[in-house]
Each structure stands twice: as C-alpha cells, then as structure tokens.
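In the two complexes that follow, chain A is the common piece, with chain B as its partner first and chain C second.
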Partner chain A sequence: MAVAGWRVALCAAVFGAWEWYGQAVDATWFSAPSLIAARLVQWAGDGLAGHVAVTLGEMATGLAVGVPLGTALGLFLGRAPVASVILRPIIFALYSVPLVTLAPLFIFWFGLGMLPKIILVAIVTFFLLFFTTFAGVQTIDRDLVSSFRLMGATDGELFRKLIAPACTAWIISGLRLALPYSLIAATVGEMLLAREGLGYLLMYASQQIDMTGMFAALVVLMIAGVAVGELANLAERRLLRWRTSP
Partner chain B sequence: MRQTFAALLVATATLAGMPAGAEQKTEKLTVATGGDGMHYFPMYVARGGGFFAQEGIEVDWVNVGSGTRQAASVMGGSADVSPLALFHVVKANKEGANMIAIASLFDVYGMSVVLSNEAIEKSGIKLDMSVDEKVSRLKGLSLGISSPGSSTDALIRSLLIARGHNPDQTVNLQPFGAGTSILAAFEKKLTDGLVYVAPIPETVEQRGLGRSVINPFLGEVPELNGVPYVILASSRETLEKKPELILRSMRALKKAMAFAHANPRETAKILRTYFPDLDQAVFDTVSETYRGASAKSPVLTREQLDRTVSWMNLTAKTPYSAKFEDVIEDGPALKAMAEASN
Partner chain C sequence: MTSPVIELKNASKDFEQGGRAIPALAPTGLNVANHEFVALVGPSGCGKSTVLNMVAGLFPPSGGQVLYEGELVADLNRRVGYMTQKDTLLPWRTTAANIAAPLELACRAMPRSERDDRVARMIELVGLKGFENHYPGELSGGMRKRAALARMLVYDPDTLLMDEPFGALDAQLKLVMHEELQRIVGDGRKTVLFVTHDLGEAIALADRVVVFTSRPGRVKKVREIELERPRNVYRVRFETAFGDLHEELWNELKDEVRKGTDA
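The block that comes next holds the complex of A and B.
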C-alpha cells in the first residue's frame, strides 16, 4: 500500500509539474497532460481503436511468422555444427543491417499494405528467437546427449525429451524479448509507410508540429507496451510454471 | 468534418457537372506521399473537395515519408501515382528507372532559406539585397536541411554553386530529417538557419525567431523561375494498365485547380481539414501563398522540363539531358484539358 501511495504521489508530482510548465511556460513543445487527455478523448471517438487494432494485428502476424522460424532455425543450427559454422556469420551479418534503411526495398517488393510492416516485425522477432534458441541448444550438456544416445534414443526422442525441454526457458525468454520489440518494429514500420496505426498517428502529429498529438500517440503506445509486457509475463508464468519467476 | 465537407462538395459538384444517368465504376487510386505538405495543394483540393470522388475515384492516401520511398512505391507498382519533385523523375529516368511525370501540381520551388534573427544580424543580410549578395553572406553559417540529396539540400547547393561558392566549404549543412526536428534545433539555436517547406518558415516568422531571407515564392531566384516543384509521377506500366483511372485523375486535378484559383475561401476551408492543428495565422499565410503557386493546369510543358534540367545541371557532376518523351507523358492531361474546352 505504501509503495502504491508513493507511486501515485510521484505520478501526481510529475504530471502536476508538467501541467504547470505546459500551461505557464511552453505548451508548443511540451504540451500538457490536460491537453493530451482531451486529445485522447477526442481520438477515442474518432477511430483510435482502429489504429491500435492495425498495429496489434501487424505485430501479432509478424510474431506468428518470425517466432516459429527463428525458433526452428535456432534448434536446427544448434544441433548442426557444420551448418552452424557456415550460416552463423551470414546470419550475424544480416542481423547487423539497420532494417530502416531497407524501407524503399520493402516498399518495392511488398507494396504499401500491412505486408512490409508484418515482414519487418517477422525479421526482428526471427533474429531474437534465433539467437536465444541457438544459445539454449548450445548450453545442453553434451554428456547428457551422449547418455541419451547410449540408451538408444532416436533423434525424435532426443528432441522431445531433452532438447525441447532444455530450450523452453530460452525460447520463452526470447519470446518475452520479442513481444515489446515487435510492437516497436510495427510502429517504426508504420512511421516509414502507413495509412493507419499508432506509428502513423505519431508521424502525422510530428509532421503537423502537433506535440499534443505526438504525446497522445506515445501515451497509447506506452499503454500498449505495458499490456504487451504483462502478456509476456503471463506467458512466461504459464509456460514455465515449474520455474520460479525472477 | 473532412468527410462531411467533402460529401457536401461532391453532392454539389455532381449535381452541377455530371450528365443525368451517368454511371461510373469507382476505382481506387493509390497515392504515395512523403507526408503532409502544402506543396500537394491541388491533390488536397481534389481529394477534400470531392473532385476525385466526382470522377469515381476512391483515393488511398499512403504516407511513405520520403522521396526515395515514394519512387519505390511507384516503380514497384504498389502506388498508382505519387507527388514528387520533377528533378527526382529526371534523375530516376537517367538511371533507367520506370517513372514518368504525368501532371504539374506545384509551380514554385516551395521552400525558403530561413535565418535566425542573430544570424541575420551577424551576416548583415538585408531582405532587399540581391539574391547574389544574400547568398555570399551565408558564409560560415550552419543550415538545417532534411537530408542529403533531398530537395532542401538541392536548393541550398544550387544557390551557392550558381554563384561560384563551394557549398561544403561555405556553409555547414546539417541534416535533421523531419521538419519538427529542424524547428526544435532552430529554436534551441543549434543551427543558424534552415531550408525547409511550409509551414516551418512561416512558423519561424510567426514565433519571431527569424525570417525567410531567400524565398523562391518572391521570384528572386532567377534560376528557379519556371522550374516546377511538385509533379504527379507514375510508371509506364500503370499508364498502360489503368489509362482510364489516370485520365479521370487528370480530370479531377484540372477541376480542382480551376476551383482553387476561382474560390480562395472555400479552398482554404478544404485545406484546413488537412492541417487542423496548424496555428491559424500561419495557416492563413501559407494557404494563400501556396494557392497562388499551385499549378493552374495539369499539363507539363517542354519549357518546364528544360528549365528544370538547366537548374539541375548547375550542381551536376555529369550534365543531365532529358528528352520530353522519356520524362513526361502529357497525353492524359492534354486530353482532360481538351475535354474541358469542348
């Protein structure tokens, strides 16, 4: 209760100071919480839910593509040393490419709809899941693998009974990382090209020198971020019930 | 509000302009834009005023944020048209890209060089000086631009090179990206000046932070007079696949241009729906200036292309030469204009 009280007091102080500064000194650049709240109310009746749905839709679809692919490749390369030696430098090289610079190519290849944003999210989450899963496979004790083999385990049994359970925590950690990053990727994608979505709202407000609109879009984005973070925590608690959460 | 206003205008225009019983299949026109800017003036009027709708066109307006991405969307076929600077089309054509200019949209190079009050004092620039004198006094100043290779970069470089100065040795060009970032940097005195489109120069002046010292809208830059800024670009594939859609777009633009020049107050109301949060005083200044510079006809001329190429060659390492037929397809615009006169 005391902690909650301190949080409320801290928020009240920050918002109070911001409101005073915005009203008394400079609303042009800093806006004010009351103006932002009014804008959010206005947006709520004017299609905000649609923008949120678009961003979350791109995020979910991108995750649905990137997470399984990244996990599968991580599992495969983790168990295939030769392929790993060949492919890892290439994957690292691709990972180092700033995806934003590829925006014109994304548009050229994938058009102006949701697809370029979905692919952006898929690529970002693919790499996160690949690296965490690959690291997970690498941590499996080789003696344990040998013991399974000595006991006559097939590849399928080895995967089901040793590799998959050992990597689950790593995969979930990757997923936990990927969820907020997917929201950011979808938003950045919408800032690069969009007709709707939270990134579009941000970009539009910025181009209109409308700081109130920009802060309002950021507030929605932060709320979405918190929700996504909580979703990640929930997924982790459910999938890793056997482990104490940090 | 935008929709209601458009609906009213569409209803009026439809009643006045369409033959009884005429039916048109609605087609989607995907327009890739580089954000929102007053230099898209006729497009806003055609869209917000219902002239596209009157021609059976549903506009899909997509913000892709930059000229390169606009070009990619047109060349990749995901956008039917895109409002771009003519010099981008000339450059793309030289590289063998599949992009062609089909209509004139905005006739003045729609940006200006703005200096802070301190920089004006330091440089000794007076607004009534010749442009040659003003440019020579920019020496040593830092100027914010959007990005290297952009229209803002091209303008300041051409101004300097045309007058015998090396841009990289004369001024410090600082890319800031979006207009809001440039304005923030300018207000915090991180740059002495900026080169940008509306409403940034007008906002600077309205806030008393500085003045536009070199302004192509005043006709004071001789090499830019007659150089169209924004044209409507498309690809040859789109022209071949969707000739009717392009022709209808030209009709809509032609009507929008005529409407804008004949009805300043109604035009300002349409435009306001696209810039609802812009300061009223800034909006009034910008909308009137930009209305005057908005194209009066969608037809692009040989002279406009020649003047653009001449201006581009001021800064080109390898001179450009562009054939009218390679860069401009004026058939649909001419047809739309001919229909109007019949």
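The block that comes next holds the complex of A and C.
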C-alpha cells in the first residue's frame, strides 16, 4: 500500500506542477493536463475511435501476416542447416536496414491508405518472429531429438510434439517484442503520410503547432502501448503456465 | 548360448574435426546376450557413448559392423530405449503426459484408456504416485530420473541403452536409483547396455563389466560379475567379492584414467 501511495503522490506532484505552470505561466509549449483531458473528451465525441480503429486494424492485420510467416520460416530454417547457412546472412542483411525507414517506399508503392502500414507492420514483425523462433529451434537439446526419434516419432510427430512446443517460449517472447513494434511501425507509417490513424492525429497536431493535440495523441498512444503490453503478458501467462512453477 | 542381441564386429568410429579424422573408437568387438546387463566403463572420451549411439543407429560405424538381433543397424534402431545423463523430459508436460509421450506416437497407436492405464501402472512402478500432475520443474532430480525411466519403459523396448543416466545425482540418490533400476529391469527381463565412469556402479548393477582404454577406445578387459542376484545395492559394496572385483578392475582402469587426464 505504501508503494501505491508514493506512486499516486509522485504523479499528483508532477501533474500538479504541470497544471500550475500551464495555468499561471504559459500553456503555449507544454499545454496543461486539464487542457489535454478536455481535448481527449472532445475527440472522444468526434472520431477518436475511428483513428484508434485504423491504427489497431493496421497492427492486427500486419501481425496476422508477419507473425505466422516469420514463425514458419524460423521453424523451417531452424531444422534445415544447409538452407539456413545460405539464407541467414541475406536475411540478416535485410534486417539490418532500420525497417521503419522503408515506410516512404511502401507509401510510393501502395498509396495513402492502410496497406503500406500493414505491410510495414508485417515486415517488422516477420523478422522479429523469424529470429526468435530460429534461435528457439537451435536451443532444442539434441539428445531430446534423438530420444524422440528412437521412440519412433515420425518427422511430423517430432515437429508437433517436440519442436513446435519447445519453441513456444521463444515464439511468445518474439510476440512480446512484435506487439509494441507493430504499434511503432503503424504509427511511424501514419506519421509520414496518412489521412487517419493515431500517427496521423499526432502529425496533424504538430503541423498546427497544437501542443495540446500532440499530448492528447501521445496519451492515446501510451494507453494503446500499455494495453498491447498487457495483452502480451496475458498471452504469456496462459501459454507458459509450466514456467511459472517454482 | 543363443545368438547375441547386440554384436559389434570390429566396429570403429572416427569423428571429423577441423578436416581431420579423429579416432574415437578403435576397432572393437563386443557381444551382449539377450537379457544381459553389460556395463561399459572407461575414462571420458573413450568412445563408450559412441558404442551406444551406434547401437541406437544414431550414426553408422566408420569401419566394421554393428548388428542388432543379427541384422545390420542401418537406420534408427527403434527397438531400443535411450536414456542419457541430461534431463530429456519435456518441461511443458506434466509427469503423466511426459510418460505418455511415446504412447501417443502413431507407430503404437492405442486407445486412450489403454494409454492411461499403462501410464498409471508405470507411475506406480517408479514410485511417482501423487506427482502425476507436476511439471518437471516442480520435481526433484531423483523424481525427474524416475520419470525419464518410466517414459523409457512405458513402451517396453527390448533393450535399454543408458548413458550415465544417474551421473548428475548425488551418491545417496544414485543408490536409490540403482535399487529401483534393479527392481524394475533386473532378473533378466531386459537387455541393458549401461555406460558409466563409476566403477562401483558398474559392478553393483552389471552381469559383465567391459573396461575401455582411453581415446581411441578399445576393449581392455571384460569381467563377469558373479555376485549373486538379486543384489542389495546398499550392502553389496561391503562384500569381499565386490572389493576384490573393484580392486581388479580399478587396476585395469586407473592407468587409462591417468592417460585420459594427461591428454
């Protein structure tokens, strides 16, 4: 309880000081919590849900493409030493490009709508899942594989009963990374050029030198980020119950 | 005597290392009879695990032949069970589900009820009752070994290949596991090829002890262990015959261990 008390006190102090500065001195550059709250209320009645839906939709669609593809390639190359020796440096070189910098290209190719952002999210999450899954396959004990083969497991059974579940922890940790990155990729894409979405909201406010609007957009992004993180935690606890044992 | 279950005919093995062939096992002959318990002892790196792996068909010999029931081991040998020092339980499965794993494979498809029956019987046999729903992370080292043993025995392989299965256990727990192993597979119900560097363990458990030289390994000495069965694994160590055998085999082994540590 003491911890929570201190936390509340700290937040109250920061927000109080911020509010005081905005009211008594100047709200031009730093806005004020009350102004931001008022803006959020106003937005809520004026299309905020639509922007949130666009960004979340881009994230969800991109994840739905990137995560399974990255996982599948990681599992496949993890079990194919020759192919992985050939392909890995190429994949690594591609990954070395800061991926969000691909956004301008995709906007040229795929226009202003959701598609370029979806592709950006898909590519970012594809690589994250590929690398974590690939690493997961490498950690599987060779004795364990041998003992399963000697039990009579076919390739398919080996995969279903050993390789895939053994990689679950790695895939989950890849997913934990991919969720926040999908938010980054979607908003960066929207900030560059878009007509809707949270990144657009932020960029639009910035073009108007509207500090209150920028802070309001950042608050929504923070809430989205926390929600996404909690979702990842929940998924992890559900899928990795065996790891929570003492 | 009937024909041996396991037969090595001048089997040797080289391993590639940096483009050079390093001999791990010199041409070796070895016969293991049906329902015999044979222990292989020798310094680390003497190729005793290599013998097991070749019998399991995990890799072929570089020279000579490895036969199982008179046939060349050309592929994975699925009539053997395999247990290593490393813990090869699946951490995401409970004890019962781990033991059930071999029974879930298509090659021995069976009704669910029969599978549950066999798993339950095996859990009883290895003394894990009450721990069916625990994950390996919640079990002690000894319990994990019991679970691994149960998983190997549940599908009833003819031959057990055990590679220092109790190597990671403390001395007391090791004795407990020896008693369990003897109770479960003793009295000639299984053929066992058991690799260890613990000479006492080898003598206490085996019908025959094979001493290997240091790398590249070859058979230095084969000794019948005439100690009466069933043996009391706690007391057998204090018998004169045990001491004599230990003395005799240790004299064979000690130079090899010394050579092994010098190398």
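Heads up, the rule we're going with is that the second predicted complex is superposed on the first by the 239 of 246 C-alpha atoms of A that agree within 3 Å, B and C clash if a C-alpha of one lies under 4 Å from a C-alpha of the other, contacts with A are read in each partner's own complex, and residues count from 1 in each chain.
In this section, a residue touches a chain if its C-beta (ideal position, glycine included) is under 8 Å from a C-beta of that chain, and two chains touch if they have at least 3 such contacts.
Note that the structure is predicted; figures quoted are calculated from it, not measured.
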Assess the superposed three-chain arrangement around chain A: do chain B and chain C clash, or do they fit? fit
Let me test your reading of the model: by the given contact rule, A:Gly16 touches which partner, first (chain B), second (chain C), both or neither? neither
Quick check on the superposed pair: does A:Gly50 touch chain B, chain C, both, or neither? Answer first, second, both or neither. neither
Examine A:Pro165 and indicate which partner it touches, taking first as chain B and second as chain C; both and neither are also allowed. second
When the shared chain A is used to line up the two structures, what angle, as a multiple of 10 degrees, is there at the CA centre of chain A toward chain B and chain C? 150
Considering only the touch criterion stated at the top, classify A:Gly152 as touching first (chain B), second (chain C), both, or neither. second
Figure out whether A:Ala103 sits in contact with chain B (first) or chain C (second), or with both, or with neither. first
Across the superposed arrangement, the tightest C-alpha approach of chain B to chain C, in Å, is 48
Overlap of the chain B and chain C footprints on chain A, listed as residue numbers: none
Taking the touch rule as given, give the residues of chain A at its contact with chain B in the complex, in rising order. 28-29, 103-105, 107-113, 191-195, 200, 203-210, 212-213
Per the touch rule above, chain C residues touching chain A in the complex are 56, 58, 76-78, 80-84, 86, 88, 90-93, 101-102, 104-108, 134-135, 137-138, 155
List of chain A residues in touch with chain C within their complex: 141, 143-144, 146-154, 157, 161-162, 165-166, 168, 240, 242-243, 245-246
Could you list, by residue number, the parts of chain B that touch chain A in their complex? 30, 32, 35-37, 60-66, 68-69, 71-73, 75-79, 178-180, 183-184, 187, 199-200, 203, 207, 275-278
